[in-house]
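Read through the structures below before going on.
Note that chain A is present in both complexes that follow, paired respectively with chain B and with chain C.
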Partner chain A sequence: MDILSSLMDGFATALTPMNLLYALIGVILGTAVGVLPGIGPAMTVALLLPVATVLEPTSAFIMFAGIYYGGMYGGSTTSILLNTPGESSSVITAIEGNRMAKAGRAAQALATAAIGSFVAGTIGTTLLVVFTPIVVDFAVSLGSPSYFAIMILALLAVTAVLGESRLRGFASLGLGLAIGLVGIDSVTGQRRLTFGQPLLADGLDIVVIAVAIFAVGEALWVAAHLRRTPLQIIPVGRPWMGKQDWKRSWKPWLRGTAYGFPFGALPAGGAEIPTFLSYVTEKRLSKHPEEFGKGAIEGVAGPEAANNAAAAGTLTPMLALGLPTNATAAVMLAAFVQFGIQPGPLLFENEGPLVWALIASLFIGNTLLLLVNLPLAPLWAKLLRLPRPYLYAGILFFATLGAYSVNLQAFDLVILLVLGALGFMMRRFGLPVLPLILGVILGPRVEGQLRKTLQLSAGDVSGLWSEPIAIVVYIIVALVLVWPLLFKAWRRARPTRVAAAGPVTGGPVGDRSTADRSAAESPSVDSPTATRHRQADVSDGQENADAPKVTHVNHGQEKQ
Partner chain B sequence: MSIVVGYVPTAEGAAALDRAIIEAQRNQSRLVIINSSRGDALVDKRYVPAEDLAAVTERLEREGVEHLVLQPVRGHDAANEVLDAAEKYRADLIVIGLRKRTPVGKLIMGSTAQQILLEASCPVLAVKAGT
Partner chain C sequence: MTSLASRLKGRSELGVAALLGAAGALVLLDAARLVTPYSQSDPVGPKTVPIIVGALLLVCSVWLAVNVLRGGHGEAEGGEDIDLTHPADWKTILPLAGAFIANILLIDWAGWVISGTVLFWGSVWALGSRHYVRDGLISLALALLTFYGFYLGLGIPLPAGLLEGIL
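Presenting the complex of A and B:
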């Protein structure tokens, strides 16, 4: 009852005309960045952070929530119409969705994606309402040792489980932790990694870091691979669904939700694994297995529901524990800090009205998204015709403005450029961005908990495992770390059985690698070479009609 | 000697191609078809997909025209690509499609046709849609 009345209060706040306007702005921005590959909700929230500081915190978070959910919707449009995932979580959607579109059923694919996202988003947000207070009740009883353990688990899991290469993941995490260390140590007052620079003593501003890594790094990367053969977009009318489509869609929606929410809520969930699991399940359960690979509606409905439910799930640890598990949640956590709000289990107690307004706005945003996406999907697809130099010039402009406006220091622009170059190098060498951002944002908090633990135990290391929950979490950490080695050994011992399971276990890894690619680095690694090929052909004057065909095939393969 | 035609999948482009084929047949010259994109947007509806291009090639073969189809994606404007090709293949005629532009549209976007007409070093045949 208490939850319900708080939620109703939240609705009252979120439904004021001003906040409704911010929700609409967020939803529209979110869909737009979702549609455009390479630009995601994390980058958008980071770019808007400096702007948002003039807003009421509630309005700002309502807008961010709209952007976050909107990104999930928009990604599916690009996946279906272009066979290029707009977001990493809609990679699986592209498999069946694009086949459906090619078979002239783009309208149905878009409809089942949008309505499925709405259903899953609404159920997911309801689950968020139900579970978050329970997690909070549990979390307030946790002491520093348990917190430290859980954060270590989140960092390791995101780094080791989600990436395609653990080495690269840990390299990225290390970079993030190092960047997070810069500044004056809060306990002893020592300067760390400041290189005698007084301007570095305050540490690096999270806005500058996020904007540099997401916006400047991506802009440099795109600028380095600007030319590519244009893709063909599949024309589509207004999305709609027939009776048969509804019948085949509603179960995958619910199953996708069931996969998505728990995976999102886990410290290492992410939205990619549940979309893949949902796809595999639908393929197995479908009454039309022969249609899979040729455009089965279940293969769009399930994964799309899963990624939206995961988006809702991700907010559970973010709001209840202050523990972000994806890039957007991490940047939103930085936003809490920017507004002087302490994230963690006490968030609900201290900032109850804000949090409930945020949750209520998720319901509202979800409904707005359905209204904005269902009739306007073809319009959103037009965004893809935007020449990228204009787009990225605008992003760089806002990035520079934002980074400068945080402290009004020209020195921040130097940091922006240096870290932007780092972001570019990371994309160049395939380092995932997420561990770095999590390292920067969680690093100082992890350190704080570690310090507190050791202070409480008077410097005794055994204080780290003085709580039973901490021990349990450390066991899970050990499993996460040892699991791949065990799996490898098991695979070597029983090669025949794993061969059958091989494609399934190997699948998501491969998919995820392309997913990360296309999300973070829209012109994939292959395309520059393809383009160079074409240039050579043109200058030789020997290019014939076959050449574009070859590159088209290439694009098709690398996207799947 | 050859004829260069700027081709886009629109009514004007089709008219230009039709006319260029007639000219090529009459002069027994090679037809160079240019369909370019700056390649800086993800989607360019003026860039002909492979299947449609195959249909064009097939038609040219049927009509017995010696041809070369180019789809340069080098970040250059369409006008520059056509002019480049005209110079490189020593064109004695450029065929382009022409469409109505509002003065404001022309001010903002410029005019590909105008640039080709002014800068070409050979005669330019401008065709309107439906002729």
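Presenting the complex of A and C:
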């Protein structure tokens, strides 16, 4: 077993005392920022990028892995103890979790979320170990035309599928691509969009962009609308579960994992849809359907597992293809580049030890999360009481410090403020942030592949579809773009029946049996698009009558 | 004219469309300036992608303007600490931006310890804390800690500025 021995080597690297310490720091830091409003894992990784350059790449990525999983976990703690979820993937957890907490079962809600996250994260990481090498074997045979097509698909899928408004997604993508253009053109050496400013010739630093959009933009936006009445935080002791709770939790954990991983692995799959699917499934299958809406433990266990499995799934395209599909993965990809590591299918070949150590540390981080967080939950609850002026002033302070320390020039802080204002505006007018970040990071690579493709075909445009995979991907791209229009037309033609028809067509769902069952039993869910249109169709099925109402607007992204 | 004025009222989102349009025009103008040397090895040239991006921005600009005039609007982002029931509080944002700009102006001349203290203290004040002395002490402690932490721990020398020699 080649994979197994590589993985064992990875564990050997990750289990050295120093690297274990970095994993622990990552897990604690990740949970803390996940719990705190206003900051999330992507921003934390971005802020730590300049600091991490003094570390070994392996240690840095072990820490990032801890932050990644810790952030997911912290988000669920907040949504259980506070009524307002910080990220769209915890909206569902908040519905039942907060009800449970209000009914005096906060400890059980936190426990099922923590243990479910551990189960889902471990299974998800195992699936990652199994599937990623397969994807890599497939990916190394692909040429530039296919890569170009796949990247276009990732950009368009994130832009068009996630979020409330496709138009605003494309606007955000355009801005990101424009920012990505700034600097010297790598082929001809000409300066683009630098306006004669020598400091712009090297392009804008990804750390500065990410910190500006995520941290400064968010801090300014919250400052403008700061809640002046204190939030109600439910006090909690040490999480624990009774026998009955275990019995009611383990099946939802496994089903949630089966939903989460495949969706996470898809470009634009995200964590929002699987958490919702899991909730609906659990509600259908539960022996206590009357408890849903009043704090059913299944409604916390399933969606939380789906959320974490999706987080693991997201790493498959990131490691195998160099394609990030959420904000944290995007910033981690930028970190690879910063360390001079070329992301893509050759990553496993060229940087095998590092990648396997990263994967091993995902297992370790997951276990640490469980060990650390069960006893620390009361402490995390206290963290929520941090006075808001200090929290947001601290975010601005560390954002400034992180951005300045990259190049030690005040000019970067001007960029930080300008892009921070852009981030503020995007939040004000509902432009999603993720397409912008992906545009900045993937834009230059897409252009590189385009130029390489046409170089190989000597300028002949048909070179773009010279590989069969490329053609298949373009067909999917066309479907992604046209699907909502077709759906709208169809719904107009058959206004009342639409949501009751149709099997799961949203994409390759790994566990067909689970997916089909849920499709048969919950007619309201037939595709990601349908999920978003669901609220309009509430009258269709009785299941919908008290299905969770997702009113929280975060444009299909987890907290950055 | 009055109907135009009434249609524009409450449509601040048109500013976003204008910004997208300006950005698109800027990208296209900049692309027009580039020279494309004929080259076998680079048939795409440096212009193609900027033209596509500029066009995308212009299309989005027009599309958004139409969408807004027909009554569409983007939904403001929610969050744990966000209360969207009151309008944007410029009395918080402007001092906050002021503290940020003060830091930019001061950092190279006065050094991080002074500018960072000003930044944190100013931000906390802008956000509503009125414990002047306690906040000042916290600010100074944070700035000093990060200065020495970066210097000793990471080998990154943040500017000492006016306090050169003392720190």
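As a convention for this text, the second predicted complex is superposed on the first by the 495 of 560 C-alpha atoms of A that agree within 3 Å, B and C clash if a C-alpha of one lies under 4 Å from a C-alpha of the other, contacts with A are read in each partner's own complex, and residues count from 1 in each chain.
Note that in this section a contact is a pair of C-beta atoms (placed from the backbone, for glycine too) under 8 Å apart; a residue touches a chain by one contact, two chains touch by 3 or more.
None of the values given here were measured: they were computed from a predicted structure.
K.L.:
Mind working out whether A:G143 is in touch with chain B, chain C, both or neither, as first, second, both or neither?
P.N.:
A:G143 contacts neither chain B nor chain C.
K.L.:
A:P133 contacts which: chain B (first), chain C (second), both, neither?
P.N.:
In the superposition, A:P133 contacts neither chain B nor chain C.
K.L.:
Report for A:L193: first if it touches chain B alone, second if chain C alone, otherwise both or neither.
P.N.:
In the superposed model, A:L193 contacts chain C only, not chain B.
K.L.:
Output check: A:I233 vs chain B and chain C. Expected answer is one of first, second, both, neither. What do you get?
P.N.:
So A:I233 only meets chain B here.
K.L.:
Is A:P262 in contact with chain B, with chain C, with both, or with neither (first, second, both, neither)?
P.N.:
After superposing on A, A:P262 lies clear of both chain B and chain C.
K.L.:
Is A:P389 touching anything from chain B or chain C once the two structures are fitted on A? First, second, both or neither.
P.N.:
Touch partners of A:P389: chain B and chain C.
K.L.:
Is A:G183 touching the first partner chain B, the second partner chain C, both, or neither of them?
P.N.:
neither
K.L.:
Counting residues of chain A in contact, which comes out ahead: chain B or chain C?
P.N.:
Touching more residues of chain A than the other partner does is C.
K.L.:
Identify the partner contact of A:L401: answer first if only chain B is touched, second if only chain C is, both if each is, neither if none is.
P.N.:
Once the two structures are laid over each other on A, A:L401 reaches chain C alone.
K.L.:
By the touch definition above, which chain A residues appear in both interfaces, chain B in one complex and chain C in the other?
P.N.:
37, 82, 84, 226-229, 231, 387-389, 552
K.L.:
Could you pull out which chain A residues touch chain B in their complex?
P.N.:
36-37, 82, 84, 226-233, 381, 384-389, 522, 531, 534-535, 538, 541, 543-545, 547-549, 552
K.L.:
Please name which positions on chain B make contact with chain A in the complex.
P.N.:
Residues 37-45, 47, 49-50, 53-54, 56-57, 68-75, 88-89 of chain B touch chain A in their complex.
K.L.:
For chain A, which residues are in contact with chain C within the complex?
P.N.:
Residues of chain A touching chain C: 37-38, 50-51, 54, 78, 82, 84-86, 164-165, 167-168, 170-171, 173-175, 177-178, 181, 185, 187-188, 190, 192-193, 216, 219-229, 231, 387-390, 392-394, 396-397, 400-401, 404-405, 408, 410, 413-414, 417, 425, 427-431, 443, 446-447, 450-451, 454-455, 458-459, 552-555.
K.L.:
Flag every residue of chain C that touches chain A in the complex, lowest number first.
P.N.:
Residues of chain C touching chain A: 13, 16, 19-20, 23-24, 26-27, 30-31, 34-37, 40-46, 48-50, 53-54, 56-57, 60-61, 63-64, 67, 72-84, 86, 88-90, 92-93, 96-97, 99-101, 103-104, 107-108, 112, 116, 119-120, 123-124, 126-129, 138, 142, 146, 150, 154-159.
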